Amino acid sequence: MKITRRVKEILANYESDNPGTKGNLARILMEGRLGGTGKMIILPVDQGFEHGPARSFAPNPAGYDPHYHYQMAIDAGLNAYAAPLGPLEAGADTFAGAIPTILKMNSANSLSRQKEGADQAVTSSVQDALRLGCAAIGFTIYPGSDAMYDQYEEIRELSAEAKSYGIPTVLWSYPRGGNVTKEGELAVDIIAYAAHMAALLGAHIIKVKLPNDYLENAEAKKVYLERQIATGTLPERVRHVMQSCFNGRRIVVFSGGAHKGEDAIFDDARAIRDGGGNGSIIGRNSFQRSREDALVLLDRLVKIYLGKE
Amino acid sequence: MKITRRVKEILANYESDNPGTKGNLARILMEGRLGGTGKMIILPVDQGFEHGPARSFAPNPAGYDPHYHYQMAIDAGLNAYAAPLGPLEAGADTFAGAIPTILKMNSANSLSRQKEGADQAVTSSVQDALRLGCAAIGFTIYPGSDAMYDQYEEIRELSAEAKSYGIPTVLWSYPRGGNVTKEGELAVDIIAYAAHMAALLGAHIIKVKLPNDYLENAEAKKVYLERQIATGTLPERVRHVMQSCFNGRRIVVFSGGAHKGEDAIFDDARAIRDGGGNGSIIGRNSFQRSREDALVLLDRLVKIYLGKE
Amino acid sequence: MKITRRVKEILANYESDNPGTKGNLARILMEGRLGGTGKMIILPVDQGFEHGPARSFAPNPAGYDPHYHYQMAIDAGLNAYAAPLGPLEAGADTFAGAIPTILKMNSANSLSRQKEGADQAVTSSVQDALRLGCAAIGFTIYPGSDAMYDQYEEIRELSAEAKSYGIPTVLWSYPRGGNVTKEGELAVDIIAYAAHMAALLGAHIIKVKLPNDYLENAEAKKVYLERQIATGTLPERVRHVMQSCFNGRRIVVFSGGAHKGEDAIFDDARAIRDGGGNGSIIGRNSFQRSREDALVLLDRLVKIYLGKE
Amino acid sequence: MKITRRVKEILANYESDNPGTKGNLARILMEGRLGGTGKMIILPVDQGFEHGPARSFAPNPAGYDPHYHYQMAIDAGLNAYAAPLGPLEAGADTFAGAIPTILKMNSANSLSRQKEGADQAVTSSVQDALRLGCAAIGFTIYPGSDAMYDQYEEIRELSAEAKSYGIPTVLWSYPRGGNVTKEGELAVDIIAYAAHMAALLGAHIIKVKLPNDYLENAEAKKVYLERQIATGTLPERVRHVMQSCFNGRRIVVFSGGAHKGEDAIFDDARAIRDGGGNGSIIGRNSFQRSREDALVLLDRLVKIYLGKE
Amino acid sequence: MKITRRVKEILANYESDNPGTKGNLARILMEGRLGGTGKMIILPVDQGFEHGPARSFAPNPAGYDPHYHYQMAIDAGLNAYAAPLGPLEAGADTFAGAIPTILKMNSANSLSRQKEGADQAVTSSVQDALRLGCAAIGFTIYPGSDAMYDQYEEIRELSAEAKSYGIPTVLWSYPRGGNVTKEGELAVDIIAYAAHMAALLGAHIIKVKLPNDYLENAEAKKVYLERQIATGTLPERVRHVMQSCFNGRRIVVFSGGAHKGEDAIFDDARAIRDGGGNGSIIGRNSFQRSREDALVLLDRLVKIYLGKE
């Protein structure tokens, strides 16, 4: 597999990583229809933990079967499929070697009465990632929440162990709780901050939500206005998040959140592309559509990242 | 022992498991009068921890002797007998090789002042399961409770250890505590969610209570109504739970709860069968009857699963 | 990466392996110009240990540089590159993700006065394979030699450790020493025996030399003659070796030994193909030619395995 | 590298430390334009955790890139560069051996609603410091805060581990919380107390803020007045802090806090020098200026410590 | 410390190493009068183990004191000082940070009745190297000897441990025993082979004796003659050894063996320089002279490597 110049440039930013870790990043970056471009689309299916099966899969019941998602990621030419232990185990043999997988190691849970952003269980291990042939581990942090510090210490240990075995880490960084208001969860200053902290923690791939133009923190707001940091358009905000991740030295992918209309999804992707982001992580917006609709949607997303739309 | 086509199909769903783990699943699936059908009846006797001996065994004092339950499971042609460390140790030699056993590793305790759903002690080890020749380990989780995350992390470790030794895991998944109301504990959306989380955690066999048609969670309810998910009859609800366990890729058995009338028990079993469930786990309803009555009752249950009643 | 039907069939033979190990086998089987065909060509460069640098690389001094071999394997579209620790370390970063690598963990050494087939040092670890991102470990055994039993125990441990991390094992099986005469080292009964023992030891990929039609062992010879085992032609002998490796359930690749003429190499490859072998492992015959000549030679080998010549 | 007499005197104060730890102190003390003088300037860049990326780097956007800071520390001839895991990883290879680095292992976080001085996550390990070639670890304590005792126990363990590997500890000691009023955070009695506790905890290098002449604690105040402890001028206060750190047996560096005017910075440095302090740790005041301005500023600071201004 | 372009080029060859290991290589390469040139002179003092104190130090009794050698390495502007545990411990505090040290972990011993090339004791640990602040570990292998395989396995483990802590490995590779004749110990084919094996084992710095033009191995000789490998002059032989170490991707230093005349030593150094070698490791020829003579000699050696003589 000839690694493209663009992918080599990206890998070169991971200076302290061993070749095994870079090799797994390369597996993800070279996979699928965006392989070699430095762009990526990841299919994450971990909503079962947070929302339960019906809210996740009833809109498209084929999704109750974990094989469906493996096959969708392959057929749509995506870069990777992320899921918790159980679903990966359920298809790991049938799809061995067929698509890079990301073992999602913790997840929120809406049955808990603990307030939003509370700590989560770590439901699998780095050893699981190895025996299942995963290309990365995934982990969620909630910057701001009371669980934040515990989560930071958990990911420090898991990430260090994973790095020693040649496995990179994908961090889902969702600000919530603490001083973060509900509105602030999507504020551009807060999202940039959350992305930056994921980078500080040593993440290889950072996943945040697309920010809006709200500025939450008063101190930060002053700086944004004074320095005239451009955050008026979505591409500008994406660019600012990329800058906040070591000036583009880390891969950042964006999610669009809840199921929404196609045009909004395409607009988001163009903004990510134009702002220099690395791509999309798109779960409910693909697997809650019918397979046919999802394939059409993902095909257009791929084309957008290829610069064809 | 010729493994039947049906059992082979079931084993094939456990893709990432080593042959030792599949072999133990096969031992359970091929045992007794339902051996080879993909259906199973398990005799669980762990009420001593939760309710004490008199509440458990006074109705049928023969049950004070652990040998009684081993012998009952064998004589009734059941698939497995599940119990905590002590009772298994008390009969493991006499009944070595005679019936697959499941080592129940944690249990609730009504002496504790901790509120329902609090964490439980892990009272035995995977090493115990090996030296006692058990075919599986069993573990209870309480989705929703404050102890939930600790329990998830406990079962992650125990299950990973057990899998490495070729031992499958049976998860008792009982929603309670947290955002789950008393009524919600049997709500179909909550039971399906609890079963789904057991699957996400990597369980091989999932044990839940039979759900009623109540819908607890407002967000979920909306989806059930919108998508017209059929949950009006018990078979429909069983079918929905099976779907929620990786579209039937995991074995699910159902319990009926407290001692009740025979007709209700038989109706439950027919519903489990008709909804595609894998069988019953039936404790108090068998061992709190006299041996004769219990054998008659279990004989009819077997016949129901064989499609003869 | 859509895994081909042929590769899926091959992977299905590795029944007890975890998905990680199958995934790495898939990486090798899907790589390069033979990717997906079930055939493979591996470039091994470990002659430095056995013959020293000048005997290995003077015929084509570009080969003194480990990068040369990585690049050759990539440019020729081969399936994998095998080498000891030092050379893999010297290029692992530049070529991260670009070509599956096999960490050759032991090697003979011609400075030793110990008789041929004596034990070898294990010069790297499974942890090295992980941090370098290797797709497999490689190990040489000398069936017949006094070191044989030690080697079998070494590979038992290394292979078990590697399997637990999702890394398959390639066994170089060279009969020598003990009751094996110099002539017998290539005898068809002995080579088939050596290949079979590698399979018995749990190897995923077996590497032997192409056998001639000599029959070494008197007892064995009787059976070959009695049963009229076809070993008269090279394809027949390849077929017999494949049969000896669990009737084709294990991947077997063949080497041609010392540098020789091109026609002989092509004839060998056609025989391997026609006998149902999985491919060639070709070291000196490629890297001791000039890069241009080697690329031409490897191109023809690829075409032979593709059935085009 | 001929260690100067002055540096040897300083090293001699670290009586119980192994030569590895002293060697790393020497690396820092001998580096850059102040190398050998016993004075030092350290560039710390960990504000991203506490203030987020925009507040930290928008004033000089080049600073979003971790390489910028490595290069600045080298070009300005500083003694060391301190940062959390992520930024060090992002440049550790490019700048291997080029500048001593300090791995900042914990950091505050302004998204948290926990009151100031609450505990912080430990976001890296001593093993990280070793693989990244760091010359020291850095850690923040909040004397006075509720988290104080936990922090003391954390640094006890980290520091003991680091010392065993030859790595010294830099303690950032910031009094806050508990009985410390907002005004008291800079009071000379409190700062001296905080510095002293860092020394008591076994720190090799102590970092405090420059104190003002306020006296916070009533009991202490009495002593200061009775004993006529000179704290009227900044040099006197620096001298008092040095005295509080084992009468000058420990290295103490001072920070100036938020971005401020150049003259104030130079006055501070002269006071540190004249009071016998070991130097400055200067973050925002350098990296929030343009590179040109920062180099001019740092050049003058160096000259001040060299006694030339 | 601005790393020179030449040193950066050398470090870039150590692709799979972590920044800590590269940083320690940089410390050695940037030290002393040759710092930054890519050339190096190392002072090794481990003859005490092999020849006893009188044979080692009587010619210049100042050398009985380990401080003498530390000071000599510093005063002469060398790159590093290598010694066993005891001597390093005896001066490590006095000279902390003053000169990179190499912990020589095994050594021959002439009291043993075991024949030459027998195994050696490992007399210190990687943990010792850390607590003493060493920049590298050193280890001797005897390619050819009966102890060879044990030595290879020892260095595999020590080197892997050291690499994980950021410490590089220097391998002394002395062919002897086995098929190597006394004359062959300096034969160019054998020395090149021994150097190559050190590289295969993952050494960072390789130390061999300067070879003569004898060709020992019949098979190798044929290749040298056929391919007209230039080995007639010492620079040609040095060049051939460098080529044998991954075409110059590994640092190689040469020793001259027993005490000899100054002119011979200077001729050797010019040959090493002209052949592209990285430098000299010079023990007895320096410490068995008086301090004055040794300083004059080392001064001229430095000048030779600087191209001034």
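Chains: A, B, C, D and E, in written order; residue numbering restarts at 1 for each.
One rule holds for everything that comes next: contacts are C-beta pairs under 8 Å (C-beta built on N, C-alpha and C of every residue); 3 or more make two chains touch, one makes a residue touch a chain.
Keep in mind that this is a model prediction, so the values were computed, not measured.
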item	value
Topological distance between chain C and chain E, in contact steps	1
Set of chains adjacent to chain D and to chain E	A
Relative to chain C, chain with the most remote C-alpha centre	D
Copy-to-copy rotation for chain C and chain D - C-alpha atoms, rounded to a multiple of 5°	180
Identity of the chain that, by mean CA position, is farthest from chain E	B
Centroid spacing, where centroids are CA-atom means, of chain A and chain D in whole angstrom	36
Gap in Å, rounded to a whole number, between the CA centres of chain C and chain A	40
Gap in Å, rounded to a whole number, between the CA centres of chain E and chain B	67
Chain B and chain D: spacing of chain centres that average the CA atoms, whole Å	59
Multi-chain contact sites of chain D, meaning residues that touch two or more partners	92-93, 127, 131-132
Touch-based graph of the chains, sorted into line, ring, star, complete or other	other
All chain pairs that touch each other	A-B, A-C, A-D, A-E, B-C, C-E, D-E
Residues of chain A touching chain B in the complex	48-49, 51-55, 58-59, 61, 64-66, 84-94, 107, 109-114, 119-125, 127-128, 131-132
Parts of chain C lying in touch with chain B, wherever the complex brings them together	15-16, 18-19, 164
Sites on chain C touched by chain A in the complex	1-3, 11, 18-27, 29-31, 74, 92-93, 95-99, 127, 130-134, 164-166
In the complex, chain B residues that touch chain A	13-17, 143-144, 146, 148-153, 156, 160, 175, 177-180, 189-190, 192-194, 196-197, 199-203, 217, 219-220, 223-224, 227, 229, 240, 243-244, 246-247, 249-250
